[in-house]
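Listed after this line are the structures, all set down as C-alpha cells.
Common to both upcoming complexes is chain A, partnered first by chain B, then by chain C.
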Partner chain A sequence: MTTRIIAISVLLFLPLPIVIVVLSSFTSAGYLSFPIKGLSLRWYGEFLGSADWLRVLGTSALLAFIGATVSTAASFAAAWAVVRHRIRFGATYETILLTPLIFPHAAIGVIMIVTLSSVGWLGTFTGLVLVHCILTIPYAYRPVAAALRKADPALEEAAASLGARPWRTFWQVSLPAVRPGLVTSLLFSFIISFDEVTVTMFLVGPFVMTLPVQVFSEVLESASPVIAAVSATLVLFTTVMVFLLDRVIGIQFFVERD
Partner chain B sequence: MPIQDSADYILQIENVTKTFAGSKAVDNVDLNVRRGEFVTLLGPSGCGKSTLLRMIAGFEVPTSGRISMRGQDMSNRPAYEREIGMVFQNLALFPHMNVYDNVAFGLRARNRLDELDRKVRDMLSLVGLEGFETRRTGQISGGQRQRVALARSLVTSPDLLLLDEPLSALDLKLRRQLQIELKRIQQEIGITFIFVTHDQEEALSMSDRVAVMNKGSVEQFGTAIETYHFPKTEFVARFVGETNLLRGVVSERSSDGAVICLDDCDTQVSVLTGTEVAAKGDRVAVSIRPEYVVLGSPDKHPVSAQITSHSFSGATVTYALNSVAGPLLAQVPFLPDKGHPLPKGQAVSVGWPADSVTLIPE
Partner chain C sequence: MPKSLRTALLLAPSALLMGVFLVGLYRLVHSSLVIDGQFDFSQYSAILNRPDYIAMLGRTIRIAALTTLLSLVIGFPTAYYVARYGGNRNFLLLLIVFPWLVSIVVRSYGWVVILGPRGLINGLLIWGGLTDRPIKLMYNDFGVILGLVHVLCPFMIIAILSVLMQISRSLEEASMSLGGRPAYSFRTVLLPLSLPGILTGITLVYLMATGAIVTPLLLGGLGDTMLGTEIFQEVMHFFDYPKAAALATVLLITALAVVIPIQILEHWVARCLSDGADQ
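Take a look at the complex of A and B:
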C-alpha cells in the first residue's frame, strides 16, 4: 500500500512542472507567476504575433527537419553496413555512434566552437545542422538498426529470385521492411533536435537562433509570460509527436532492446 | 544410359565445391537434372543440401566447379538473371504487401505487364486462393501462406523451381496434403522441381530421382525405388528408411551373386544385388529391410533369434530380435490368429528372400 502511494505520488509529481508552465501561460498578469492571476490568451497572441519568435520557430523546425532526415539516412547506411554486411569492428563502430549520448554536452559545445570556427561555420545554420546530426544519430541509429536486425534477409533473396534488380529490391523490399524503424528514427531525432538547448547555446549567434535557446535567453533577461506560452506550445508539439509515434508504430519499438 | 545432348538437361552441376572458412560444405558434387524431373536433395541437416540449392539459385558462389542451366554457364549470372523460381524455408513473403501484390511481384520486376491481372488470378486459382487477393500475409494460415509462396514463384512461368524445405514448418496432416498438391502442380505445368528435404518419406513419395547427400557429397543419385531397395552406401541404407546391416566377409563370388560369411561363418547370407563392387575376402555389409525379414522362415540359411521387444503400428508389428548375426528388426503383418504379438524371449528362426539383400562395400 505504501509503495503504491509512493508510486502514485511520483507519477503525479513528475509532470507537475509541465502542468505549472502550461497553467502559468494563461495568466493575464505581466510577469511569470503561479498561481495565476486572471485567465487570458494574450501571451499566445504575443508569441504568434511576433516576427522574431516565428522566425526562430521556423529556424528550429527547419533545423530539426534537415537534421532528422540526414541523421536517419546516415544511420540507415551505417546500420546496413553493420547488420547486413557484418563489417569488421561493427560493434566498436556502433559504440562510437552512440557516444554523443554519454559525452558531456558542455564539452561537446566547447569542442564544436573550436571545430566550427576553424571552418567558419560558427554561428551559421550549416554548423547547427552538422552538430544536430551528431547529437541525434544515437537516437536515429538504434530504431533503424533494430528494424534491420528483425527484417528477414531472405526477403531480398526472394525478390532477386523473382527477377528484381538490386535497385528495385532496395526500394520495394528492403526499405519498406524497415519502414517502422525509419519513421521512429525520423520522429525521435526530430524531437531531440527541436528541443536541444545545451550544445546549441554555444553555437548560436546574431544570425541564427533556435527556439529553445531563445526561450533560455529570454528567461535570463525577463520573466515575461510569453516564455510560458512558447514552452506550453513546445510541450504540446512534443506530446503530439510522441502520440503520433505511438499510434503509427508503438512506442515500445524504441524502448525494447535490439 | 544413352549419352544425352546437354540440351536435354535443364541443370548441370559439375565438380562443384563450396568452402566456408576452410571446411567443405559442398564437396565435389556432380548432378544432371533433366527437364520436367522432380529431383530431391535429401540429407540430414548440415549435409550441404541447402548450400547446393543456394548456389543453384545464385545466392552463393561456388568455390570451384561449374553450374549450367539450359546449356549455358551460370557462373557469372546474378540470381535475378537466372529465370528460376524459389520457395524459401521460411517462405519470405513480403510482409508489407497483400497476397495479390506478393504474387504479382515477379511479373512487375521482370516488366511483364501484359495480362498481369489474368496471370496473377490464374495462379491464385491454381493454388486454390481465389478471394484472398487483398489479405495481408499475416492474416492467413500457414498452409495458405505456403500456397502464396508457391504462386509467387510460379507466376513468371520459370522452367526450374527450387524448394528449400518448404513444408518443414507444417503439421503432418497439412504436410501430406501439400505434398500431394505440389506433385499435382508439378505434373500439371510440367516444370522441373528441385526439392530439398531431410524427410526421407517425403523424398520417396514425391521424387522422380533422389540425391542422397552426406557431409557435402552426393552418396547416391537414383530413382526413389533404387535408393530404397539398392542403397550403395551404408549411409544411404540407414538414412533412407530403416534397415538391418549385417557385417561379414565375402566367402564366395560368382557371376550372379555372392555369399557372405557372418559371425565366423556360422551364418551365411546369399546376396544377388550390388555384388559387382566386391571381391572374395572383402569385408562388406549387407542391408536387409525389416519388411523382408520373415519369421519362421523356410529359407536355406535360416538364422535363429530371440524376440527382445515389439512395437505395434496398426497393420504391422515390428519385432526387435537378438540373432546370432547381431540385432535385427523384423516388420511383419500383424495377424492375431498367428499369435501376434509374440511374447518376449520366444525363440524364432528368421530368414529373407535372397533378392532382398543388398551388398554394401565397407
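Take a look at the complex of A and C:
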C-alpha cells in the first residue's frame, strides 16, 4: 500500500514541472505569475520572431544532427569490429567506450576546455561537434551493438556465396538487419546532444551558442515568459523523439539489459 | 585488404574520440600538478588550506549523499510498482522515460516556476489568503535537493527497473508460499537479486549530483556553492584555469572514491548471484 502511494506520487511528480512550464508558456502577461492572467501565443511569437533565438535553435539542431550521425557511425564501426571480427579485449574496449558516463559533468567540462583550447577550437562549432560525439558514444553504442549481436551472419555468408560483392552484401543484407538499432542510436544520441547543457556551457562563446545553454543563461538573468515558450519547444522536440523511439524499438528498450 | 587492417580502420573513429577524452583527462590532472614544468602542489594546498573550500566540499558530498538516499527511497518502490504493474506498463514507463529525456535546464526551470517568489505555490497561497508574503521555497538547500532528486531519480528508477523486470515474480511467490513473510521475502529474495540495479543507480545519481551545476545554480542560494558551481565560476568569471583544473581533479577524486568501490562491489555481487544461479 505504501509502495503504491509512493509510486503514484513519484509518477505524478516526474512530469509535473514540465507540464507547468508548458502551461505557463501560454500566459498573456508580461511576467510569469499565478494564477495565469490570460491565454495567448504572444511568447511563441516573440520566440519565433527573434533572429537570435532561431539561430541558436538552428545551431542546436545541426549540432545534434551531426553529432548523432558521427557517433552512430563510429559506434557501428566499433561494434562491427567487436562483434564480427571478435577482437581480443572486445569487452574491455566496450567498457572504455562507456567511460564518459562515469565522470562528473563539471569535470568533463574542464577536461574539454583544456582539450579544445590546445587546438584553438574553444568557442567554435567544430569543438562542440567533437565534444558531443564523445558524450553521445556511450548512448549510441549499446543499441547498435545489440542489433548486430542479434543479426545472423549466416545471411551475409549466403549472399556472398550467391555471388554478391562485399559492398552489395553490406548495403542489401547487413544494413537492413541492423536498421532499427541504427535508428535507435541516432535518435537516442540526438536527444542527449540536443538537451546537453552542463558540459556545453563551458565551451560556447560569442560565435556559437546552443538552445539549452541560452535558456539557462536567460533563466539566471530574466524572468521573461519567452523562456517558457522556448522551453516548451525543447519539450516538443523531446516528445517527437520519444514518440519515434517508441515506434522504432518500443519504450521497454530503456529498461532492458543485454 | 587484410582483416587486421580492416579491424584497425573500423576501430579508428571511436578510438580517436575516446583518445581525445583520455588525453584531455591526463592533461587536466597534469595541468593542476605541474606549473611551468615544475611539480607544484600549491594549487591543492591552497584549496585544502581554505576553510570555505573545505566547507564547500563537505556541502557537495552531503547534498550528493542526501540526493542519492532520497532517490533510492522513492525510486525503489516506484520501480517495484512499475515492474509488477498488471495493466498498461508502457504508459508508466513513458511517465519515467519522457521526463528523464527532457533537458535538465527545462526541468530545473520548471521548479523555479513552481517554487519561486512569484511562482505557482506562492501564487496559490497568496491568492487563497493563506499568506500575504511569499514563502522562501528555493534559493536554499531544500530547493537544490528537491531539484536534484527530481532530475536524477529517473536514473535510479530505470537502473532498478531493468533488474526487477528480469526477476521472475514466481521466485517471490515461491518464497511467500513456503511461509516467508513479505518482509522476509523482500530481505532474502528481492533485495539481494535487485542489488546490482541499486548499486548502478547509486553510482549514477551520486556521480551526477557531485558534478551538477545547472540545478544548484538555478535553485540554490547565492553563497551556497558546490564543487560544480565553484568550478563554473572560476572558469567563467575569473578565468583561473589552473584552479579550475585542481578543483575538477578534486571533484573527480570525490566522485571516483565512491564510484569505483561500488563498481567493484557490483561485479562481486553479480558474480555471487550468477554462481548461486548455477548451483
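The rule we apply is simple: the second predicted complex is superposed on the first by the 251 of 258 C-alpha atoms of A that agree within 3 Å, B and C clash if a C-alpha of one lies under 4 Å from a C-alpha of the other, contacts with A are read in each partner's own complex, and residues count from 1 in each chain.
In the analysis below, a contact is a pair of C-beta atoms (placed from the backbone, for glycine too) under 8 Å apart; a residue touches a chain by one contact, two chains touch by 3 or more.
A quick note: this is a predicted structure, and the numbers were derived from the prediction, not measured.
Model built by superposing both complexes on chain A: chain B and chain C fit together without a clash.
Of the two partner chains placed by superposition, only chain C is touched by A:S75; chain B is not. Using the contact criterion defined above for the overlaid structures, shared-chain residue A:A147 touches neither chain B nor chain C, since it reaches no partner. With both complexes placed on chain A, chain A has more residues touched by C than by the other of chain B and chain C.
Once the two complexes are laid over each other on the shared chain, residue contacts for A:E157 go to chain B alone; chain C is not touched. Angle at chain A between chain B and chain C, computed from CA centres in the superposed arrangement: 100 degrees, to the nearest 10.
By the touch criterion stated above, A:P176 is placed in contact with chain B alone, chain C being left untouched. After overlaying the two complexes on the shared chain, residue contacts for A:R165 are found with chain B alone; chain C is out of touch. Closest CA pair between chain B and chain C after superposition: 13 Å apart.
Taken together, the two structures place no residue of chain A in contact with chain B in one case and with chain C in the other. Residue ranges of chain B in contact with chain A, taken from their complex: 57-59, 78-86, 88-90, 92-96, 105-106, 109-110, 152-153, 156, 162. Across the complex, chain A meets chain C through its residues 2-4, 6-11, 13-18, 20-21, 24, 31-35, 70-71, 73-75, 77-78, 80-81, 85, 87, 93, 96-97, 99-115, 118, 130, 133-134, 137, 141, 191, 194-198, 201-202, 212-213, 215-216, 219-220, 223, 227-228, 231, 234-235, 238-239, 241-242, 246, 250-252, 254-257.
Here chain A touches chain B in the complex through residues 152, 154-155, 157-166, 168-169, 172-173, 176-177, 179, going by the rule given at the top. Residues 3, 6-7, 9-15, 17-18, 20-25, 27-28, 31, 74-75, 77-78, 80-82, 90, 92-114, 118-120, 122-124, 127, 150, 153-154, 157-158, 161-163, 165-166, 203-204, 207-208, 210-214, 217-218, 227-228, 231-232, 235-236, 241, 244-245, 247-249, 251-252, 255-256, 259, 263 of chain C are the ones that touch chain A when the two sit in their complex.
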